[in-house]
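So that you can tell them apart, the chains are marked A, B, C and D in the order they are listed, and the count of residues begins at 1 in each.
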Amino acid sequence: MASLDRLIKEVCEANRALPAHGLVTLTWGNVSGCDRSEGLVVIKASGVAYEEMTAADIVIVDLEGNVVNGGGRPSTDTPTHLALYRAFEDIGGIVHTHSAWATAWAQAEREIPLLGTTHADLSAHPIPVSRPLEPEEVDEDYEGATGAALIEALAGRHPLEVPCALARGHGPFCWALTPTAAVEAAITLEEVARLALLTSLLDSQVAPLAAAVRDKHFMRKHGPGAYYGQP
Amino acid sequence: MASLDRLIKEVCEANRALPAHGLVTLTWGNVSGCDRSEGLVVIKASGVAYEEMTAADIVIVDLEGNVVNGGGRPSTDTPTHLALYRAFEDIGGIVHTHSAWATAWAQAEREIPLLGTTHADLSAHPIPVSRPLEPEEVDEDYEGATGAALIEALAGRHPLEVPCALARGHGPFCWALTPTAAVEAAITLEEVARLALLTSLLDSQVAPLAAAVRDKHFMRKHGPGAYYGQP
Amino acid sequence: MASLDRLIKEVCEANRALPAHGLVTLTWGNVSGCDRSEGLVVIKASGVAYEEMTAADIVIVDLEGNVVNGGGRPSTDTPTHLALYRAFEDIGGIVHTHSAWATAWAQAEREIPLLGTTHADLSAHPIPVSRPLEPEEVDEDYEGATGAALIEALAGRHPLEVPCALARGHGPFCWALTPTAAVEAAITLEEVARLALLTSLLDSQVAPLAAAVRDKHFMRKHGPGAYYGQP
Amino acid sequence: MASLDRLIKEVCEANRALPAHGLVTLTWGNVSGCDRSEGLVVIKASGVAYEEMTAADIVIVDLEGNVVNGGGRPSTDTPTHLALYRAFEDIGGIVHTHSAWATAWAQAEREIPLLGTTHADLSAHPIPVSRPLEPEEVDEDYEGATGAALIEALAGRHPLEVPCALARGHGPFCWALTPTAAVEAAITLEEVARLALLTSLLDSQVAPLAAAVRDKHFMRKHGPGAYYGQP
């Protein structure tokens, strides 16, 4: 279980990074991590303050949501995280926040258009917004349905090509290979959302970034011949 | 009087929390608490700086506004606080600020529409704005009339269902069971106001949050079967 | 000269307060003070960083701008300060910044409308913007002409009733009885400018604050029967 | 090589200044310096965090991009820096960031209009935006073509008269005599971009700053008879 212990520590630090990067107010956000070899997910307990958080505030659940150990109740958003982990087998970390600029797009019920290279460094696609939920979906399994609608929003694209989506009227979810990388995606998304909103104030009809530049930026960072960062 | 001493300490800390959360500039804000068993209200003295504030800068008044002890003049907004405490018997703390995003809605003389789940986590209703005061009301008892107009703005709803209202042209008032919880409501309101304004920049005609999602969020946090936070 | 020494110290601290309150970027701002008994003005040296500033970076000039002592060249805006001190005999401190929200109004060449009680706590009038300068005025004595245009912008009102004005296309100037109070006016103006701009995003045609509320707020803070703050 | 050692130290400190001034998120920005006597350019390694950066994370290249020493891969934007150094023989430092307000103008594909004296203190011209790149330019030498388009955007003006330009859809590049001065230009540009965007929210058709005031400000700071700062 050494890998699980490392994951708990990483999730704990990733949760504490959320307020440090200005992504959360009060307790509105959570990071989880998935240990694929154990089939377990570790996630922040519900309503716990980040500064005071220790490994004891991390709850361990299996991929069906059964609490395996941990002293508290897991985040209310846990079924959303689990739906994403079950659907996206390559991801190992998820972040959910109500970060302001991304949430503004979610509340406006609009995808974030791809307007610049900062966005293309994250994804070569707009950041999608999930469809409205039916009242029955909300009644029966709200958090699970939220996850299902986020998965639908990717329209079959690989989750590492579209590493974020907006839950309509709610806020962003981001995912990556690890919890630490998911926090980096959440930081990036928030800045991308801010840039797109400021841009739209200057020109509400601005054209998307040219396709050649878009693909160049995504590929130089994420493609097979990537040359951003150190080898 | 041990409970009153505890309340003084809590009100003192709650006032100091206002600048720490970016809710106030200079001395523009105040927190009060009500000890229902004693029938007394403790409130920040007028014009005192938060950082230097000690229990000696807290003024104690009865529910009619008579100063019981305390070295200073109470906040000029005291009659507004007292009107709210007399009308809303279940509340024990009130916060008033000129926090920027909420004040922008107050100055625009518009209620804050319910556009997302962050708002629904606070209230299942728009945040109302008080009616204009008549010139005679301003002349005779401005601060008391401000309180009366805030109470009217709730239109008979329970104050814990609508824990905030905007004084028209002025700024927000928030209330809760305790002064600490009222500060949390003020932090939440400011973020809700910011999200709503940013959303309106993307779509000035955006529809309110779907009713099913709105009620789900309010009830999972505040309803009889609430499952947010730790039991 | 004890009063002059005290003034130098106050001006030094007031200059250092500008970055602490987010009012300046790099070295774009200055505070001066006037010792009326000596007929001398003390002001920040030009281009000096605030953090490193000591009394040695304060320059002393007479009301005509002759340098009396001090090792450096006074702020380039000194002739503007002097014009204001000569015209407004009751003031003892002036602050000039390029603070972002107030400067946006100056660049838009619009007065700041009186939209809320935060503004009325500062002044019962809109914050005026100065008229365009003629090219000859710019050529002959730009900084002096800037001061003259600010004085004109008050349209004969007392400078303590309109404690700020915007130099068109440039930025705000604020004044008060003391340098410390002028910094407080500059902090207040910046927040008032921000609130007014955010309000205008929600409603670009919003009506000014009701006159009765406006006068009530100004008078309860600055009138003969003022009851804000401690007696 | 003492001058090269000093330059490495200066570039290292200039890179660390970027997050301190709020100009970068994560690792999205870089500062370089050029030692003209050696014909060498020192630049940040790609993808390195600013806080951890030491001289060991600085890469040295010649003006054709051959790595001379340094343990890492240089910033992916290095060919853009080199194109600028080859074309602008008087400059000794370059900064590239994705700072939010300047990047919003780049994404809106608009030059930053000259709306106030803060801008005129930096340049007497609008801040230009580069033309769209052809797909073949992107394929063949994207970063070099970005530099060529920035140079074209100056339309023959001297680079110290127009010390910044926006790479279309990407973000700002700024240059100056030294890396330290280039960081100061980047700080100024970001504030100028913010002021211009806020101004455009108040009046999207506002006229540029009067020519006489514009030239006065640029010349009093940068002209032959400059009188801003200390002699």
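Note that a contact is a pair of C-beta atoms (placed from the backbone, for glycine too) under 8 Å apart; a residue touches a chain by one contact, two chains touch by 3 or more.
As the structure is a computational prediction, the values presented were derived from the model and not from experiment.
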Chains touching both chain C and chain D: none
Is the contact between chain A and chain D built from the same residue numbers on each copy (over half shared) or from different ones (under half shared)? different
Most widely separated chain from chain B, with each centre as the mean of CA atoms: D
In angstrom, rounded to a whole number, how far apart do the mean CA points of chain B and chain D lie? 46
Rounded to the nearest Å, the gap separating the Cα centres of chain B and chain C is 33
Residues within chain C bordering two or more other chains: 201
Connecting every touching chain pair, does the picture come out as line, ring, star, complete or other? ring
Provide the full list of chain pairs in touch. A-B, A-D, B-C, C-D
Which stretch or stretches of chain D touch chain A in the complex? 25-26, 28, 45-48, 72-73, 76, 98, 100-101, 103-110, 132-133, 135, 138-139, 142, 169-171, 197, 200-201
Using the touch definition from the top, list the residues of chain A that touch chain D in their complex. 115-118, 121, 184, 187-188, 191, 194-196, 198-199, 201-203, 206-207, 209-213, 216, 220, 227-231
